[in-house]
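Okay, so subunit A shows up in both of these, paired with subunit B first and subunit C after.
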Partner chain A sequence: MRPLTEEESRAVFEKLANYIGKNLIHLIDRPDGAYCFRLQKDRVYYVSEDTMRLGISVARPNLISLGTCFGKFSKSGKFKLHITALDCISKYAKYKVWIKPNGEMPFLYGNHVLKAHLGRITEDTPEHQGVVVFSMNDMPLGFGVTSRSTVDTRKLDPTSIIVFHQADVGEYLRDEETLF
Partner chain B sequence: MGRRAKNKQPPPENLETKEYSKPRKRKADPADDRPRPAKKSKGKDTVTSKTKSKINTSKKGPRIRFEDENPDSSEGWEDVRDGAAIGDLDSLLGDSDDDLLRGPVQELDFGSDADEPAPLPSKKSKSKQGGTPPSEIVPTAGSSSSSPDSDWDEDERTTMANMEARSRAMDAQAAADAELDMQEFQAADADDDDEDADVDMDRPDDMNGDIDAEPFQLPTAEEREQEKITTPDVHVVQRRIRECVKVLGKFKRLAEKGRSRSEYVAQLIMDITSYYGYNEFLAEKLFHLFSVPEAIEFFEANEVPRPVTIRTNTLRSRRRDLAQALINRGVNLEPIGKWTNVGLQVFESTVPIGATPEYLAGHYMLQAASSFLPVIALAPQPNERVLDMASAPGGKTTHIAAMMQNTGVVFANDANKARTKSLTANVHRLGCRNVVVCSYDGREFPKVMGGFDRVLLDAPCSGTGVISKDASVKTNKSERDFTLLSHLQKQLILCAIDSVSPESKTGGYIVYSTCSVTVDENEAVVDYALRKRPNVHLVDTSLEFGTPGFTSFRGKVFAPSVALTRRFYPHVHNMDGFFVAKFKVEKRAKTKKPAEEAGTVEIVAEDGTVESQPQEDIGFDSEEDKPYLEEAKRRRMKAKGLRPPPRTKAPTVSATVKASA
Partner chain C sequence: MDVSGIIASNAAKYQPVEVEKETPLEVDPGLLLVTDLNPIDQEGYNANLEEHLQSLARDGVQALLASLFSLPTQRSDEGPLAQLPPPTTALPRAKPLPKPKPPTKWEQFAAAKGIQHRKRDKRVWDEERQDWVNRWGRDGKNKQVEEQWITEVPANADVDHDPRKIARDERKAKVAKNEKQRLGNIARAQGANPRGVRKEEIERTLTTARISTASMGKFDKKLDGEKKVRGVKRKFEPTEKSLSEEKNTSLALISKMGSEAKKMRREPAAEESVLNVRKAVRFAGKTRGGAAPARGAARGRGRGKGKR
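Moving on to the complex of A and B:
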């Protein structure tokens, strides 16, 4: 376990900013104590400092996870957000998409969000913007990237893709082996 | 994870309805007064036919249970009652009603319902009950049972799909049966009163109408050997089990002359191994945990799946909201019981319960009801440091984290790295941010980190409490496994105790639990810990049900406080067999005192100050010791064959030494 290097933190923050924008500072400045990012075996964990200090006593090979896993660095140095980060992202998300009940299961199976399933969308969402996908009763289901801006979506036909799938909570079941 | 397992699961039973059997965990004698099993109707045709019909009625127990679960078929229950009421009109008030009462009880053949009113119809039902094999005993034996009975056998496998239709058909039949009963009973009643009366007195064997007419004979040892080679007939075995249970219940009166009790027991155990498929060692081990009829009930209960239960994740949702959301998805559920406010029992579901969006979003966890218990006993408080020593797949860990409201820190350890994946997945899915997952051997623990406020040790165990979940336990556990496991458990519990900080302001507790029912994995381990760590004592688990742990078992005597531990049984509580013990760690006594001063040590430990007692000056007085040293030296020299120097001074002292030596 070690703190992120300059380069790594830039990669992480850039990725996060794609979803939560300026709210990023809320992740660092929290009223309920200091939180920090730590790297352990390619994975980036977001953890309160108290927990982190206690976690130090666990040897590196034996430490599996601490706090919340945000994602992992690929071998080429790119950062990939995992579904486990959904908790924090959804709280601060700038742009949101709500999908209808009939679209929930297709999305949870890893499919993109179609226009037919679109329930609501934040106004003025730009193109290729990271968005968090919610069900109609405000349950975060995953996140993705918009294919069109809100204005453009109106012209699309119902079967066209609105949000490209990036991660969904179904991965807890599908990818349990590789996720952690 | 849970998804696949769930799909395999047959319809669940109501947790509560099963609890009727709670008060009967210790078989009362009155129960034994009733020769339970294989009494055949007394050769009257009418009675036999009635027998069958009555069996049908009486077997309503489980059926009613299913109906109960079905909200819209709640009137099914009413129907039955109505039917009975019609019967009542025929005259004989109370009879069919009585039947209803008896229904659920008789479903376990050896059930002894101490509280059951015993008017004359009860005899009747006895005589009826025997003829057909008890439905639950008979997964494979279809042959000689009468048609209503085999009908029932299928009923056991009621699926969600056909349930409603079935229950309706049953209700109709039940009503008809009740009526028929009534008439027949009246007819029969007149002339078989006296026969009935002596059923209880006689050896009932001579009345075995259907299966075979000759009286029950305990096979000799040779016959038993013989039978081991050939495959025994299920019916014979079944009947023998019943007979043995009966004889063992009233041994003096019913036993054959010249046969010892142990012969019956040996026969019974052998039959259990062949009938339920246990290996001999395990069958014997489990058999001796209970009274004879209760043991059979236990084995029966292990054949039936436990209800599906889920735990609300209070970090994400509330139970009422979750229940509403799931009901909207077509799940039929209900709170488990009063003892938990986060548990829900799932009766039936049109969607896979382990793959709903709510599940994936972490609003609940699929978890057996018994797994709630250790965490409830542990009662973690916010801002504590808690260790879960063997935590995969994380049901209890996440429960702990939820109870601490994501404050403090939870160390979730599991020795098996592969299993930490599902543990991590569950921790993240349920949104527990205060969890550190690590993979150590639990025995390394105080070295890795100590100073915990609470430790939960859900020890690796033989799984004899969860045979209904994993039947492979029946055959793959040997004596050696038990030795190894209990050894490991003893090591782990000491490590757990050592990991707890006695200075903890809010805590200092350890909960030890296993999903096993055997004594050497439970009470023996607890007793061992108490002996090894004098600064630890047992406290109440704060679980309001469960049977107290054994304070003595087959010659082993444990500390009396072991009665504070709690055991849970599948046949009594309708949850997995489970054991929970809660310890409190006190400060260690500062000075190492010899064992005989244990009493004072405790006092010291309790008020935390050593100085409170008047202490005399303990130190070396070389003058006083001198003659003793001298004497010891002489003896040593003598032992080496040397001649000791003549005794010079203080012969009196050495004389006293000799005297004392």
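Moving on to the complex of A and C:
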């Protein structure tokens, strides 16, 4: 377990800012106690100070996980966000997409969001913007990237993809062994 | 009729044209600059600052204008123009003095041996032509042999003996040598030892070559005296650093990223904001059978197998 280097922090923050923008500050500067990012075996964990201090006493090979896993670094140094980060992201998301009940299942099985399943979308969402996907009763289901801006979606046919799937809560079951 | 009262009241309205000061004002009309060297009047300064400053400024401008009107003038369409003299106030230079050039290898040698630099004339006397000719360059004396229309050939010369080519090669070799020495001088001036640079280059190539096998050099045969490749030592912050410090560095990084993004984002031009060029190309491509318009035009036909 170690803190992130500047390069790594930059990669993580850039990825997070894609979804929550300036609200990233609220993740770092929290009123309810100190939280920090820690790297352990290529995975980035978002940990409270107390947990981190307890974790220090565990040797590196023995430490499996601590805090909330936000994602992992690929071998080429890119940062990939995991579904476990959804709780923190959905709270501060700038752009949101709500999908209809009949679209929930296809999305939770790892498919993209089609226009037919689109319930609501935040006004003036730009193209290729990170968005958090919610069910119609405001339960966060996952996140993805928009394929078109809000204005352009109106002209599309119902089978075209609106949000490219990146992660969904179904991964808790599908990727249980590698997720945390 | 007594007009002295009117004159007095009129004079009171305007301040005197001549500026009287203890130390006269220094005027430099070339820079349109007036310098007031008088000490500040403490009472006036404390009583009413604004008025005091205004009166000081007024005096300065008055002195400047008076000096401008005393200058020689030139007629122009917009009226007479005063011709400013060259400025007398020396301004400090904006940039530091240029550094002296580092000496070349020859200059170092000459300085060590006490050899005086002697300027060679560009022209030399040609006995045959009884004229001054260029030492080098156009019709230069160094090209005399190769430009002769007839050349003596020694009796035991080969069949393919070409005196013109030999002379030319000799001259070109001198040019190449000079160029190499010039580059060496530049490299030395940069603080690089040319041998060291070359050695580093070779070592880098060798390291790359050693890890360029399928096993990244793991199963290669080791040569005698081959050193182990050492990578860069990484250094990380301690895990148990104070979190407030870490928070501050993170926040600084975020604000830095924000300002970078702002710098990257340029102001969109007016027509750009209305027209999404990429999209327009895509739509135009759809109507013409999948080829982008520019591509279709370049091929000279409407339908082509372009990338969508």
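To be clear about the criterion, the second predicted complex is superposed on the first by the 179 of 180 C-alpha atoms of A that agree within 3 Å, B and C clash if a C-alpha of one lies under 4 Å from a C-alpha of the other, contacts with A are read in each partner's own complex, and residues count from 1 in each chain.
One rule holds for everything that comes next: contacts are C-beta pairs under 8 Å (C-beta built on N, C-alpha and C of every residue); 3 or more make two chains touch, one makes a residue touch a chain.
This structure is a prediction, so every number in the text was calculated from the model and none was measured.
Residue contacts after overlaying the shared chain place A:Asn62 against subunit B, while subunit C stays out of touching range. Contacts of A:Glu177 after superposition: subunit B is touched, whereas subunit C is not reached. In the superposition on chain A, A:His26 makes contact with neither subunit B nor subunit C. By the touch criterion stated above, A:Ser135 is placed in contact with subunit B alone, subunit C being left untouched. In the superposed model, A:Arg120 lies in contact with neither subunit B nor subunit C. Shared-chain residue A:Arg10: touches subunit C; no touch with subunit B.
Contacts of A:Lys91 after superposition on the shared chain: neither subunit B nor subunit C is touched.
The wider contact with subunit A, measured as residues touched, comes from B rather than the other of subunit B and subunit C. By the touch criterion defined above, A:Glu49 reaches subunit C but does not reach subunit B.
Under the contact criterion defined above, no residue of subunit A touches both subunit B in one complex and subunit C in the other.
Only residues 1-3, 5-6, 9-10, 13-14, 17, 22, 24-25, 28-29, 34, 36-38, 49, 52-53, 56, 152 of subunit A touch subunit C when the two sit together in their complex. Residues of subunit C that touch subunit A in their complex: 236-241, 243-244, 246-247, 250-251, 253-254, 257-258, 279. Within the complex formed with subunit A, the residues of subunit B that make contact are 1, 3, 325, 354-355, 357-358, 360-363, 385, 409, 411, 417, 420-425, 427-429, 431, 433-440, 448-449.
Per the touch definition, subunit A reaches subunit B in the complex via residues 47-48, 50-51, 54-55, 57-59, 62-69, 84, 87, 104-105, 108, 135, 137, 139-141, 169-170, 172-173, 176-177, 179-180.
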